[in-house]
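The following pair of complexes shares a single chain, chain A, combined with chain B in the former and chain C in the latter.
Our next item is the complex of A and B:
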């Protein structure tokens, strides 16, 4: 990647976003909805990899952040402008991640993974309790949702922003610190890196995007209740996509979210009863033969060329 | 490793073909088939309910219609072709699938997905594209509160079902009741309805408690309620909790005069799992094979086709929805605006009796109470729909 400067990469991202922003007028409803799904998972996977890919921490909190954002929209739908609700959804998730991160980021490996998964349950039950006790309801209806085109552009903007942020983080001192933590946290600390600050900052930053994406996407579902927005499937799929793509890169998760979303859709429509079996087999094959993710294909190809 | 890159290329090509080429309908000698699209859960947590109550009916109906020579569309016979996809129990997939069916595939008609949440998500799309939807597994005043002219709910609304239960209790002279309910739109709406009805009938509520969805143990709550010794115990529960509550109540010997659990009680699997233990348990139900000759015919056809029984509540409502669609299409054809108006303004003959809608609500089917008796879920209330007398008080747990 060294051939591209940070400026080139950001320009390329913005150019791609510009092209994609015209899609609502070029695509059918369904193709647009499929593109929207690709973009959503690209945003989720890139922001997940921003923290987890570099540090080798396994976070399963994506579903919790996503659901929090969705609930901010649900609460604010009547009173807040859509854009503001999305922003607040992201901020709520980021603040929550910072608080939780400060408390649990000293844990590593399986402990951290389990804690972050538990967070999803905690937030879901917390919101259920709050809604029942103080609002007398559990589900919320969004009576006046924005147009699909508006949601599409919001998600596109957020995903582009996630990619730009990931690029900027990677090129910064923070990115260096995160990679240092990923390769050897003790050594990074000995060398004077404030690992705790770096981790909390990056974890919080990476939570903004799932929060904001949840706030934007939930508008499409009219009815928001804890079970549908804290869907653990969304969290698992994000992790899977990032890993299949190559979590240490940025292009990998993007490519993999497009591939994964299209593949899931294709299998779902063509093999209605077998698609999960086929998907599972493909994943096993990918993990066995491409442990570095799709991104390692590119590396291999480059390596092959330089040898020739 | 060239395997992934090769297959990736092939797969991408195939995806492009599948996603952007229109589905090819088989050409018939007569008129083109009526294409009816839906997305429903075949995988994931919603599939248990969807595959008991909803999709088997869709498929069986299409088969029966085609065996009769097709759907009568303003006097012309046209075959039915179902365009069905799995929604993976995922809300975004539901929305995307219906966008495809109505926006890109432009199917002639749609059938609704399973469950209240998914119906909420599809309603605005159905209105935007002008497709009427007759929903057999969506219930709640909140749904009707959307005032969506294309949405028709086939189940009795919560207050209607709970009024019937309170009437039954009053008729039997019950004085006290204890209620637990699941923390979900369903539980909250049913409870609100029940609380009002009990109050009106002067039945004292000695305990009301809610519990989170996915609960694994309710024994402490049940013990507490047992000590209060209410005449009636009513659990406004979902299938997993319905099973849990039945099992735990029996284990602690809690046997009030009326024992009622909500969703799932009407499933044949409830009876099959509990056997004689189910005797005397009451729940949400509308019909059984003894209700009428029509329900008997439906029941027998279902057993013959699927080798399993339909559930005694929403299955028949799903079938009634298909009957309504069939009758409305015969009159109005597949001009969907005219079809909507016909559904909204006519009365239809169905296996659960005559049905008429007002503002999307089925106002004809009365609330009912059913009870397991020797392997059948007998309708015990209201008297004009009853297929047998109620056991009250409930016999002791076997």
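Our next item is the complex of A and C:
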């Protein structure tokens, strides 16, 4: 990707999005649903990698952001316009991330992973309790959801936006600061980077997309409950996809989200347990023998070509 | 008074299991920076082994404990050799070890848990063992719970004693303090890492075996314990064995009292609230110096 300029990459993203936006009229319903899943995970993984890939932080908060967005939709479905709900879902997650980030971003490594996971669970249990005690319900049905095509276009737009934002961040001063934090935070601070501000800003920015995607996907699922939208698996899967793809790149997570979604869709229904056994094995082998992710394959190939 | 006693005792019994699970995980993390997210799956294997031993071979679960511990120790050494050795050798930085071992942990979690589903199905399994009740100080307990508590605390204290008073324990503590320094004075990583990893899994296996005496078991039973253990070791401080023991009891008490005074559906909410409160107030754990 480094051979392309920022403008080329953004143009390529927009072009790809334009092609994909025609898919509802070209594809079967099943293929479209599959593409929607791919896009959702691509958006989640790219926005995760935007912050975590550069800074070497391990956030497990994606499920929390996603679920918050979904609940904004669920609570506001009757009063808010669809587009507004998606925007608010993203903003709610971004504000939450900024508050949380300001409080816990001084922690690193395992501590940060555990606390972000804990926060997600805290929000999930809190909402479960609130719904049971005050709303007298477990889940919520979203009446009168928009058309599938509309949701597809929303998710496509959000994912494209996530990719463009990731590209822009990477090329900006903020991106440099984040990478500086990733390689040595002390040094970055010594060199005059306001690391706290950079981290909170980027963490909050990277939370907007999962929140907005959650708000959009809630419309698609039509029935949501805390367990399904705050499912820790959404967070884990996002981290897996991003890291398997290569978290320091943008193309890697996109490629691996397509791979994961296809694998999941085709194998999970037929062999539910065996599929996960194989997935586990694959994951272990990949981490051991291809630790840089799928993106490192591309690098290796390119490096080989440039030497030839 | 008897009521208070019963509540405290229930909290301590739960906490004893938490401590045992957390100790193993904390040792692995403290020594090798392996965040073994599949820890609970090995607890589940220990539970199933005991269940098989009891129903197929008709062995008393208590007598079976050493077998479970040895089997999981051996499994731990093998898993270390196959999965984690390479990560620790090739990773350029500590954070990379953490991230990659977390991913491998997820892989193991998928692998082991679903292999168990394939082998034993999703049904709840169980057997009854020492279910009669006894009076202790005015409160009534099932005998099996007391046995579980005694063995959980016993195994935890045994481990603390090993860490404190034996040469290998000294080596482990040295390596936690300074990996490079420990290697300079001749402590062998190639020996210590697999042994400690195996020890961690053995502790998880024993915890699972104990749990199977009291609760019904299923292939998914391990995950909540992994999460709880993560909370406990953060409470007690990463790498601190004594901290895990105290943190386990603390969490058991908080959960029991919280559930009694609020509602059972708030149990997890309370655990996480405690975790986040502690992390914000004392990021290095409650018992950090």
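Please note the rule applied: the second predicted complex is superposed on the first by the 298 of 308 C-alpha atoms of A that agree within 3 Å, B and C clash if a C-alpha of one lies under 4 Å from a C-alpha of the other, contacts with A are read in each partner's own complex, and residues count from 1 in each chain.
In the analysis below, a residue touches a chain if its C-beta (ideal position, glycine included) is under 8 Å from a C-beta of that chain, and two chains touch if they have at least 3 such contacts.
On a predicted model such as this, the values are computed, not experimentally measured, just so you know.
Engineer: Which holds for A:299: it touches chain B only (first), chain C only (second), both, or neither?
Structural biologist: neither
Engineer: Answer with first, second, both or neither: which of chain B and chain C does A:228 touch in the superposed model?
Structural biologist: First partner only.
Engineer: If we overlay the two complexes on their shared chain A, which of chain B and chain C does A:119 touch? Say first, second, both or neither.
Structural biologist: A:119 sits against chain C, while chain B stays out of touch.
Engineer: Going by the contact rule set out at the top, does A:194 touch chain B (first), chain C (second), both, or neither?
Structural biologist: A:194: touches no partner chain.
Engineer: Between chain B (first) and chain C (second), which does A:132 come into contact with in this model arrangement: first, second, both, or neither?
Structural biologist: both
Engineer: Applying the document's definition of touch, where does A:287 land relative to chain B and chain C: first, second, both, or neither?
Structural biologist: Touch status of A:287: second partner only.
Engineer: Between chain B and chain C, whom does A:274 touch in the aligned arrangement: first, second, both, or neither?
Structural biologist: After superposing on A, A:274 lies in contact with chain C but is clear of chain B.
Engineer: Starting from the residues of chain A touching chain B, keep only those that also touch chain C in the other complex, and list them.
Structural biologist: Common to the two interfaces on chain A: residues 125, 128-129, 132, 273, 275-276.
Engineer: Considering the complex alone, what residue numbers of chain A touch chain C?
Structural biologist: Listed in rising order, the residues are 56, 58, 103-104, 106-111, 113-115, 117-119, 121-122, 125-126, 128-129, 132, 236, 239-240, 243, 273-277, 279-284, 287-288, 291.
Engineer: Okay, in this complex, where on chain B does chain A touch?
Structural biologist: Residues of chain B touching chain A: 1, 3-5, 8, 11-12, 14-15, 18-20, 42-44, 84-86, 88, 90-93, 95-96, 99-100, 102-105, 116-117, 120-121, 123-124, 142, 145-146, 183-185, 188, 210, 212-213.
Engineer: In their shared complex, at which residues does chain C touch chain A?
Structural biologist: Counting only chain C, the residues touching chain A are 29, 35, 83, 86-87, 90-91, 94-96, 98-100, 102-104, 106-115, 117-118, 227, 230-231, 234, 238, 265-266, 268-269, 272-273, 275-276, 279-280, 283.
Engineer: Which of the residues in chain A come into contact with chain B in the complex?
Structural biologist: Its residues touching chain B are 28-34, 36-37, 40, 125, 128-129, 132, 136-139, 141, 143, 145, 148, 217, 220-223, 225, 227-228, 231, 233, 259, 262-263, 265-266, 268-270, 272-273, 275-276, 285-286, 289-290, 294, 297.
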